C-alpha cells in the first residue's frame, strides 16, 4: 500500500511530528509530502500521485479558521470537493481521496485517522484505475 | 478477379487466423475509427473515411523505444505481421509517403519492423466527401496503391493484387476471372472521375508569398490545437521522452508542429513562436518544403478541413495564396 | 542492423568546471565503454542521454585528432541539470556522431578565422584544435573569442596557453575589468578592429543569434563572400536522425543536414534564421 | 427588416475599428469567424450554423471591436471581462437572442452538405435551401444537444439586442440520470469514451476560458524566459506526458475541467471541436451542478467562484 499525504507545514506536519515524538504508531505506508499550506495542493498532484501508483491520497491542513495564511484551507476544501465529485462522477473510487483537518497538537488524531484510512484502503485493495503502465 | 461474398470480412477472418494484427475501420457511435480489431464482426465498412488515418497501424501514437533500468534492458520491436484492411486511396498513398520519410536516410527500425511485414487491403471509393480533394493531387480514388484492391461496382466485388505479398495472400481465396463485360465495367469505373473539390498549388507563388501578411490573416482564428496534424495521414512529427526516473521507458509519441512547445528551446528561444508561423509552416511543409523529397505531403483526404475547430481550409488557403 | 535510437554506453572520465555561478558550464570527458571511439569530424554532435531525464544534443568540443570525446554543457534544463550533478565514473548514453561536419578537407591551404561568443566556442574549439594539429595543411589561424565577463570565458586555460605559445588568439569581454589586458567590447567590434583579410579565408562564427547576425554584417563589409562564412545552428532536437521534425527548417533537418551551414545556404531559405 | 439586416445596421452604428462576425464558407454550409474591417460588413452572415464562440478571438485584437454574440458567447465575454482579459469599453456587443444552433454532424446525416445553399429557422423547422428545392427538418432533430440545456439564450451583456428575450433553464436531469448508474458502469462508460481521445488538445485550445500561457497538462513549461534559472526549468513538474491511453486521458480531462469550476459558460465549443466526439460537456455540467448545488454559487455573481470565501461546501 502506498498512501501519499500532503501535510501543511504549520499544523498537520507538526501533528504528524507529534505523533512520531509521542511514539504513536501510524502506518509506515503513509508517505508525507510537506507543503507550505494545504491551499497549495494542486489537484494535478493528487491525480499525478494516483497515476504514479498511490493507493490513497490524504490532504491534511489546519482546522478552518486556523490557517497560517488565513484562507488557504478554504481553497483546499473547495478544490478537494470539486475533485472528489468529479472522480465520483467518472466512477473512480473516490474514497481513496481524503481531506483531514489536524492541528499541531492532534498527533493522536492524526495517527488514528491514518490508521483507519489505511484499513479502508486495504479493503479497497490496490488502486488500478489510474495507475500508469506502459 | 471476382469474389462472391463479403471479401473484406472474409479477408479479416483469414488474416486473424494467420496471426496478423488487423487494423480496420470500426464503428464508434456515428462514425468510424481505424483501430486494432480482434474479430471480423468489429469491422464495419459502411463508411467513406474513418476519423483517424490508417497511419496508426505503422506509426502508433505512442510506442516504447527503450525499456531502461540502470542501463538499457530491452528494445521492443514489433514481431507480428500487420494488416490494414479497408484503407482508402488517400491513406494508402500516405503510407507510401511515410515510407519515404522513415526509410530513407537513417532507417527507422521501429517503423521498418512494422512496414516490412505490412499488408494493405484498400477499397476503391464510390463517393467523395464534401472536403475530399485527392484527385487534384494526382491520386485516383478508384485505383488505390495497395497490396490488394477491392472495388465494389454494381454489386460485384472486384479484387486485384499488384504486389507479391498481395498475390500470395489472394491465393487463399476462391476467385474467378472477370468476363469481358466485367473487365469493361472495371476499366470504366477506374477512369471515371469523382466529383470533388480541387486544390490549385502554385509553387512559384508560394515561394513569393512566404512573407506575405496573408498568412496572419489565414491564421487569425487558429487555435493552435493538434487536430489537423493528428488526423493527417502524412504528418510524422514525434516527440521522445522518458517516463520513470530510476526505471522506466523511453517513449515516442506523436507531436504537432502547431503546438508552441514543439520547437521551444530550453533557452526560451522559440523559432516559431507565433501561431501564424506555425500554421504557415504546416502549409509550406505540405506543399513546398517536401517537394525536395519529390512529393506534396498532402493526399487530399480533407480531414483537417472537416475537423478544424476554426474552419481553416487548406484548399482555400493554398489556392488563394497571395 | 544497428538501431540508431539506442545509445552506446559511455562513462564520464573527467569533469572540468569552465564557468561557475548562476549559469555554470562544465566540460565532460567521456569514453565509450563497450567499444572504441567512433570516427567523427569537427562540427558533428552527439545526443547524450541520461535515462530518466531524456536526451540533449551537444556538439563535440574536441578535435578528432585528440583522444576521447569532450562536451561542454551549459546548465539549462532537465538533462543538463542532471549532467551537472554527475561525477567521473557515472554512466551516460551517447548517440552519434550525427549531422554534417565542417568541410575541413576542402579548406586545406586556406586561412581560418574562428569567431565565437560564450558557449558558442564549442564547435570552434574542435576546429582550431584540428587546425593546430595539422598545421602544415592550413594557412594562418586566427581565434577571436569573447564573453560577457572574464569569468564567462570557456576553455580559458587552453586559450591562455595558446597565447603563450604564440598563436593569434584575440579575446574580448563586454565591460572593462581590472587586470584585463585584452580587448573590451563586443565580439563583432573586435572583428571590425582586427580586420581579417578575406582572401583565401574561411570565417566560422558561432554564438548567440544577435552576435552572429552582427558579425555576418561586419564580415561582409570586410569583403567576405557568403560562401566563405560558416555557422552552426541550434534547434530543439529529439531524434537526431532527421525524423522527428522538431529541428526542421524548410526541408533541412538541423540534426542531419546541419548543424553546419554556410551563409549562402541560409540566405537561400525562405524562413529566415 | 430581417435579422441579418438588423445585425448589419447595429454593426454599422458601432464605430468600431474591427468587426468579429461570421462569414459563410463557399464550399460547404459552414460559417467561420472572421475579423473584418467596417467596410466589409456586408460579408457577414448569421444563421443557426453560426456555431463558434468569438470570445477567444476578441482577446487577440486591440482597439475597439464590434462583435456578434449569442447568449453563451456573451457569457464568455462577461466572464473574460470579470477576469480582466477583456475591457468592456473596447467592445460593442450585438447580442442575439439565440434559439439554438445546429449540430453540423447531425445535419450531415440528413442531407448531403454539398447540396445545401442556405439554412434558415422557420418555426420549429430548419429549412434547408438546396441546390434544387427545399427540405424541412424538425429543428429538434439537428439542434446541438448542448442548446437543449441552455441557461442563457439571451445575451447577459450587450449594446444592442436583436430578437425577443428568451427564458433559459437550469436542467441537470441528464447528469442526475447518469449519477444513478453504478460506479462500475460509470467508470466503464468514461473509459470507453476516453480511450478514443487522441489528445489533440483541441478542447483546451478552443475553450474561451483556457487562455493560460502555461498549461498544467503540458510536459514542459511554455512560459520560460531568458531569465528562468536552470533549476526552475529542470524542476518543472510534469503531471502528464504525451502518452495517450484511457487513464492518462482521464487525468487530462479531469484536470482540464477542474479549471473551469464556476467559470464554464456552457458554449459547448469543447464538444464541437472534439474530432472524436467525446461527451465533454457532461463533465462540465457535472461541475456546474456541484458549484450550484453544493456551493450555492451563481454564475451571474460579480465575484469569481474561487474568490468567494464564504462558501466552502458541506
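General remarks:
In order of appearance the chains are A, B, C and D, and numbering begins at 1 in each one.
The definition used in the following text is that a residue touches a chain if its C-beta (ideal position, glycine included) is under 8 Å from a C-beta of that chain, and two chains touch if they have at least 3 such contacts.
Please read these numbers as outputs of a predicted model, since none were measured by experiment.
Relative to the centroid of all protein Cα atoms, the closest per-chain Cα centroid is that of B. A count of contacting C-beta pairs for B-D and for C-D identifies B-D as the more extensively joined pair. Subunit B and subunit D have CA centres that are 30 Å apart.
Inter-chain centre distance (subunit A to subunit B, centres taken as mean C-alpha positions): 46 Å. Those residues of subunit C in touch with two or more other chains are numbered 76-77, 80. Each of the following residues of subunit D touches two or more other chains: 233, 243. Residue positions of subunit B with contacts to 2 or more other chains are 239, 241, 243, 248, 251, 255, 264, 266-267.
Taken together, the touching pairs give a contact graph of some other shape, not a line, ring, star or complete one.
Residues 65-66, 68, 70-72, 75, 101-102, 105-110, 207, 210-211, 236-242, 244-246, 248, 250, 255, 257, 262-267, 269, 271, 281, 284-285, 288-293 of subunit B are the ones touching subunit C in the complex. Listed in rising order, the residues of subunit D touching subunit A in the complex are 178-179, 183-190, 216, 237, 239-240, 243, 247-248, 250-251, 254-255, 257-258, 261, 283, 286-287, 290-291, 294-295, 306, 309, 311-313. For subunit D in complex with subunit B, the touching residues are 25-28, 30-35, 52, 56-57, 60, 105, 109, 112-114, 196, 198-202, 204-206, 218-220, 222, 224-226, 228, 233, 241-245, 269, 272-273, 275-277.
For subunit C in complex with subunit B, the residues that touch the partner chain are 1, 3-7, 9, 51-55, 76-77, 80, 91, 93, 209, 234-236, 238-239, 241-246, 248-251, 256, 270-271, 273. Those residues of subunit C whose C-beta lies close enough to touch subunit D in the complex are 22-23, 75-78, 80-82.
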